[in-house]
Amino acid sequence: MDKTTVLLTTEGTYPCYSGGVSVWCDYLVRYLCDIEYHIFAITHAPSQQARFACPPNVTSCVLHPMWGTEEPGAHDTNFSEVHERKLRTDRTTLLRGFLPHFKACLRELFNSDLDPELLAQSLFSLHQYFWKHDYANSMRSRLAWEAFLEAAALSGWRLNLEEATHCMRWVQRYLSLLAVDFPRVDLVHSSMAGLAGIPGMLCKLGQGSAYVLTEHGIHMRELYLNLSRSQYSSRCRRFLVGFHRAITRMNYHYADVVTCLGDFNRQWQVRFGADPGKIRVVSNGIDPSSFRPRPSPKRSRPTVLTMARIFPLKGIDVLIRAAAEVRDRVPEVRFRVLGEIVDQAYFDECLRLVEEFHLGDHVSFGVTSDSANAYAEADVYCLPSRSEGLPYAVIEAMMSGCPVVAAEVGNVPDLLGGTGLTVTPNDSREMAAALMRLLSGPTAEELRRSLAHQALERARRHFTINQFAEQFEGIYDELADAPSYAVLSRTAG
Amino acid sequence: MTNWPMRPAMPSCLEPPADGSPWAPPLDSCDVVVRLETAGITDTVARREYGYRNAWRLAEACFPWLRMFPASKVRECRQSALVEYLKGLSFALPLGFCCLAMAVFHFSLWGGDVSPHLAAAVGLGTVSSFVTTGGVVQAMARRGLFFLSVQDRATGEVVCWKWVRLGAAWLVICGLALVAPCRFYHWLPAPFDWIAFAFHLSLGLLWLATGILHMLERNLWSAAATVVGVCSVVLLHRRLQVPLVDAQLTGIAVAAVFAFSASFVLFRSRRCGTSGRPRSLSPALDLYLTWPHFLFGTLYFLLIFSDRILAWTAPDISADSPVQFRGDYETALDLALIAFVLQVGRVRASSVTFMRKIVRAEKQHGIDARSKFIHQLRQAYGRSTAGFVLWGAAISVGLYLTVSRVGAHFNPRSDTLLWALVGGFLMVIGLWNSSLLFWLSLPVDVVTAIAPAVAVDLLIGYLMSRLITYHYAIAGFSSGACYFAVLTTRNLLRRLNSLDYYYFSSSI
Amino acid sequence: MIGADVVNAFRVSLGFLVVFGALPWLVALNSRREHALMGHCTAFMRTALFTEIVTVVLGSMGLCLPGSVGAAYVLFLFALMFRSGTLRHLRNTHWLSAQLHKLILLMDRRVSAGEHLQSLRIRYVSWRRRFDPTALAPFRGICWFAVFVAFAACFYPLHQVRFLHGVSYSRTLALQKLSLGQSSPQDGSVALLAPVVFLSGCEGATVVRFAGPLFTAVLALTTSLVLFQLTGSSAIGMVGAGLVAGFGAFADGGQLQADGIASIFVLLSILLWRASRLDAVWSMAAGLLIDPIPGLGMIWYAGIPLVIALLVLSCRSLSRCLAMIRVPIALTGIACLIYLPTKLGGNEGPYQYETAARAMSRIIRELPQNTWLVVSPVQELAFTYGHGWHMELSNFVNKYNVDEVIQPDFHFGFPVMDTFVFVEKRPLVSRALGLSLSELGTRFEPAIAPYQLRLSRASLEFEAGRLLAAYRARHSDVQVFVEDENVIVYRIRSSSGGVRPWT
C-alpha cells in the first residue's frame, strides 16, 4: 500500500528556528514515520539553515525565504528557468493573464466583507499564471502598481503614497508563495493559519489534496502583538491586519480539520471565522521515556528552573522581580534560566534588573543540550510567560516530576488541570508568593511532592507522544478516505 | 443636558508608555484584548478589578478612547548635510595623502620625479588598473551592499571575496592582453612594459581592497592604507636606498595587504552570531544583476581617462616612443581634480537629501495626488541641480583664479585647465543624475547615457589632439561629460514622471 | 640577421593578410553575392578602394593614424553589416534578451570544456559543409602557385635590405610620412600600405620590402583567375601566372611597384566586367588612383594575360600545348623570382650599399627613437624618417672643415646621444646612377644635385672621410660602427646633452 504523502508547511519555525512549534513539527515527522513528508518552510531570510535534522521519511525540505532575496524563487532554482519565465512575461501576458486575477485578489483584500472563495479563486488563478511567467516582473510591473492604487482608491482607503508603497511591498513579498511549484500530495498539514496555509488551499484546489490546519499560538493574536510595537502608520497596520485576516479566514474556510491546543485557542479561532464544527483539540505530547522522574542529586540550594527563549513575551523580567522577593525569604535560592537569546536588548534589560536587585549570585542564564537532567536538578519549574499556547516546557516539567508554578496564560490552566500553581500574568508578587509556598515553610516539601506526583500522572494520561501521534494519524486516515474536493483544471495562465 | 459617555477605568498597560518607547493606538477591540491578555489581564482579572464580564467586554469599552491617543513619534536619525558632504569627500582622502607625499618627498605611492619612459609606464599601468577594476568594484558593491542591507553579512563577505578573486584574475588577463600588443608594437621599450604591468596589477589589487572599504563606508581605513603604503615607500627608498620603482611597487603591495586585512577584520567584527551560513549564489543571477554596474564602472573610468591616453599617444615625430607622458597636461588635470573632488562630495549629500524629500513627500500626498507629488519632487530636483551648478561654478572659477594668481609654480596650461574644469563640472552633474538613477534601481539608464558619452569623448578627443595639439585632448573629456550630463538629465526627468512607481519598485 | 628579417616578414604578412584577406572576407560575408568567387573578388576590390580613398583623404588632413584608419574600417564594416541586415537583430530587444538567456544558460549549466569543444567542432563541420569541394578544385592549383610565388619573391628581401629601384626609396619616404600622420602629397601606391604599417608594427621600409612580393603573388593569382575566366582552363591560368611572375622578376626584381599594383585592379576590372559593370569601373578607378599615369609596366602586366587569352581562344592546339608546359613555365617563373633580383642587383648598389642599409636597420632596431642622427646622402633618409634625425652629407661637409675638427676642444654639438656618419669608401657608381638618384624624390632636392654628378659625390665622400679621420685622430668619442671595403660608418657618442631615456 502506498504511503500517505503529506506536505507540512511552517512559517518562522521548523526546521530553521527553535521553539515550541518546531519541537511539535519535529515530533510529528519523527513519530508518524509511516507518513512520507515534504516540508515547505517559510523563513525570514535566505541565510537561514535547518537546525533540525530531517528523519528518513522526510522526502524533501524546501526553504522559502520571504525577505532578503532580489528575485523571489531565484535562490533555489536554476536562474535560467527564472529568466525563461521573464522572457515570457511581457505587457500582453500581463494584461491578459495577470492583471484580471490580481485585481480580483486586491478587491477581496481591501474588502472588509471578504468572500474567502473569491479570494482563493483569484490566488489560485495567479498561481497557475506563475507556472509559466515570472513573479518578480509581474508584481513589480507598473500595471500591478497602478492596479493596487486603483483598488485602494475604489475601496475608500485613503492611503498616502508611503503607505501604499509599504502595503504593496508586503503584498509582493507575501504572495511570492504563489510562484512555488508544490509537490503532488495526499494531504497538506499547515502549522499556522497565516501564509503557511496558502499552500494548503492551492493544493486543495489544484490537486484535490486534503487540508489540515493546526494552530499553536493564534496567528492573528501574534500579529496584533507585533504590530502594537511597530512604527507603521495605522493605515498600514490596518492593511496588514486585513490582509492576514483575509488569509486566515480563507484558510479556515478551506481546511477540512482545524486543530488547536485547548479551549483558549479555540475561542480565538471561532472569533476569527473558523467553523466550530471543524475544530478539534489535539494536545501536545512528549516521549515519557525521555522525560521521567530521575533520582535527584543532593542540592545545597533550592533551585527554580525556567526553560524559555529570552524575549519579552517569556516574561523573564517578571521572574527576576519575583526572584528578588523570594531571595529575601529564601536567601540560598537559585534561579536558572536556560534558553537562547532571541532579543538582545531585552536580555540586556534583564541583566540590568539582575544587577539592580543584586541577584548576581541567585540568577544565572545559560543554554543546555540536556533538558531532561535540568528538570531533575530543579526543585520547581516556573513559567513566567505573558503569552503561551500549550508550552512543551511545562509538559516536560510535569513528565519529569517537577512541580510547576505558571502564569495563567493561554491553555496553561487546562494543561495543569490543578496539578500546579497558577498566578496572574505579569504579577511578580503573586509569582513570588507561589514560589515561596513551594520553597519555604514546613509544608513546602510535601506540597512539592504532591503536586509533582499529580502532574506526572496527568502528563502520562493526557500528554504522551503516542496519544499525540495516534490522534494525528487518525485525522490523516479519516481525511485520506474522504472524497476529494473538486479539482480545478491546471490550465495555462 | 447631554450624556457624554464616561471614560472607563482603563488599565494603565493600555495607555501610551511614559518613556516614549514605540506605541501605536489599537486597530480594533481584538487588538485591545491581545494587549490586555499580554499584560496579564485575563477574564478573571477583568471581572475582579474592572467589573466587566470578561476581557473582551473591557476591550470593547476601552477601544473608542484608546484610538484617540496619538501614536508615538518616530524619531528620525539624521545626519547633517555637512557630515554627508564630508562623507562624500572622504573617498578622496587617499588621494589627498598621495598629493601631500608628492609635495613633501617629491614622490608618492606612484609617480614622482622620474624619467619620461618610467612616467609613461606608471601612467599606463595606473590608467589600466582603474579601467580594469572599475567594473568589478561596481559589481562587487552592488551585490555586497544588498546582502549587507538585508543583514546577511556572511553572504556579503563571501560575495566580496569572490569578486576580489574574479577581479584579480581579470587584472591578470587584461594586463597580459595589454602587454602583448605593447611588446608587438613597441609602445614602450622593455622593461617598461613589464613595469606598467606590475603597476597595473598592484594598483588594481589596491583598488579592489579600497573598494571593499568604500562599500563598508570605512574610507578612513583606505586613507590609513595609503599612509602605510607611502611610509613603506619612504622607508625603502630613502633609508634603504631601494630604487624608487621597486619601493613603490612594494609600498602599493603593503597598502593593498593592509586594506585587505582591514576589510577582513571589519567583516568579521560585523558578523553577529545569528547571521547564519552564507548561501550559495547562482553565477547566472550575479551576471543578470550586475552587468549594468560592471559596464558602468568600466565605461566611467574610460570616460575619465581616455583623454590622457589620447594625449600621451598624440603623434610627435620628435618623441622617442609612441607613448609619451605629458607632464604639463597632467599638471592641469591634477589641479582640476581638486575642483572635481570638492564638487563631487555634494553628490552624496544631495542624494540623501533628495531621498528624504521623497519619503516626506510620499507621506504628505495621497494616492490621488500623485501629480502634485511628482511636481513637487521635480521642483526639488531642479533646485538641487541649480545648487550643483552654482556650487560647481563657484569652485571652478575660484580654483581657476587662484591658480592664475598663485599657481605660477605649477605652470599649467590655462586652456587645458579651463577645459578640465568645465568637464569636471559637467561630469559632476552627470554623476548626480546617475546617483539618483542608481538609487531608483535604474542602472541601464546610466549605461545607455555613459556609453555614447565615451564614444563622443574618444571621437572629439582624438580629433582635437591630432588636428591641434595633445593639450586639447581634454576637449574630448569635456564633450563626453557634457553629453553624459545631458543624457542622464533626460533619462532622469523621464523617470521622475513616474517617481512613485520607480520608488516602489526600487525598494523591494 | 636573417632571424629578425623572418620575423619582419611574418609581421608584414600578417598585416597584409588582415587588410587584404580578413577584411575583404568580412565584407564578402555581408554582401549579396551570386557567385562566391566574384563575391570575394568584389570584396577585395572594394576593401582596397576604400583603403586607398580613406588613407588618401585622411593623409591629406594629417590624420592617417591607427585610430582614424581603424575607426574608418569599423564604420565601413558597420555600414555594410547594417545594409546587409546583419545588424537587424540589434534593434530587436527580444533577440538581445535571447542572447543574454543563452549566456545565462551557459553559466547555469556550466558546460564543461569538453562539451564546449564538441559544440565548436560541430559548428565547424557544418560550416565546412557549406562549401562545395568540386567547385573549388580548379582553384587549388592556382592558389598554391600564388603561395609559392610569394615565398619565392621574398627570397631577395630576406637576404637584402636595400632596394633595387629608386622609386622604392621615395615610396618608403612617402609611406613613413603618411603613417606618421603628416600632411603631404600622396602617393597612391603607398596609401594601400598604411594600414599594413599600423597592423604589422614595422616601419615603412620593411613594409615596402615585403609587400612587394606579396603583391606579386596577388598579381599572379589575379592573372590566373582572369585567364581561367576567359579561357575556362586553370592550366592556362597557371601559364599566365608563371609568365607574369617571371616578367615581374625581370622588370621589378619581384618588388612590384605602382604600375604592377595598379595592374592587379585593371585585371580585376576585366574579371568583374561580366558580373558587374559598376564594380569593374570601380576597380579600374582603384587602379588609376594607385598609378594615375599608366606606364609601360601596367601595359605589360595587364597585356600578358589578354594576349595569352586571345591566342588561346583563337587557336585550340596552342591551348593544349600551353597546358602541357604549364609546370615548366610556372617553375621558370619561380626560379626567375629567386634568381633574377639577386643577379640584377649586382654585388652592390645601384642606390645604396647593402652594408649601409643593414647598418641603418641595426641602428633603428637597437637604439631608441630620435636619440641619434645619421649623416649620409639622401637615400638613408627613407630609413631614418620618423625614427631618428638625418643630416645631408653635403650640408655636413659644407659646415665643418678639417682645421676646425682637429681642435682638441671641438665637439660637433648635435643634441643627440649618437651621431652616425656614413662614408662611402667607394662612392656609388652605377650605370643608372645619374638619373636614378633623382627618382628618389625627397624634399631635399637642393641636396640632390651634389649626389647626381659623379665627381661631386666622390668629392663629398672623400671630404667626409677626411673630416672624420681627422676628428678621430684627436678625439676618443668616435668609433667605427660598421666597415667593409665599400662603406665605413662612424659612430660619435655625445658626452653631454642629448636625450637619455634609459633612466
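Descriptive notes on the structure:
The letters A, B and C name the chains in turn, as written, and every chain counts its residues from 1.
Quick note on the criterion: a contact is a pair of C-beta atoms (placed from the backbone, for glycine too) under 8 Å apart; a residue touches a chain by one contact, two chains touch by 3 or more.
These figures come from a predicted structure and were not determined experimentally.
In terms of which chains touch, the assembly is arranged so that all chains touch all other chains. Just count the C-beta contacts per chain pair and the biggest one is A-B.
Ranking all chains by how far their C-alpha centres lie from the centre of chain C, first place goes to A. Chain A and chain C have Cα centroids lying 84 Å from one another.
Chain A and chain B have centres, each the mean of its CA atoms, that are 42 Å apart. Chain centres here are Cα means. That of chain B falls 52 Å from that of chain C. Contacts with at least two other chains are made by residues 100, 104-105, 108 of chain C.
Counting partner chains per residue, chain A has residues 78-80, 83 touching two or more of them. Residue positions 282, 284, 288 of chain B are each in touch with at least two other chains. Contact residues of chain C toward chain B in the complex are 61-63, 65, 67-68, 71, 100, 103-105, 107-108, 180-182, 201, 368-371, 386, 499-503. The touching residues of chain A, when paired with chain C in their complex, are 78-80, 83-84, 87. Interface of chain A with chain B (complex): residues 45-49, 67-68, 70-71, 74-75, 78-80, 82-83, 140, 142, 145-146, 149, 152-153, 158-162, 164-165, 168-169, 172-173, 220-221, 224-225, 227-234, 237-238, 241, 271, 313, 386-387, 407-409, 424-427. Contacts from chain C toward chain A in the complex involve residues 94, 97-98, 100-101, 104-105, 108-109.
Of all the residues in chain B, the ones that touch chain C in their complex are 114-118, 184-186, 189, 282-284, 287-288, 315, 317-321, 462-463, 466-467.
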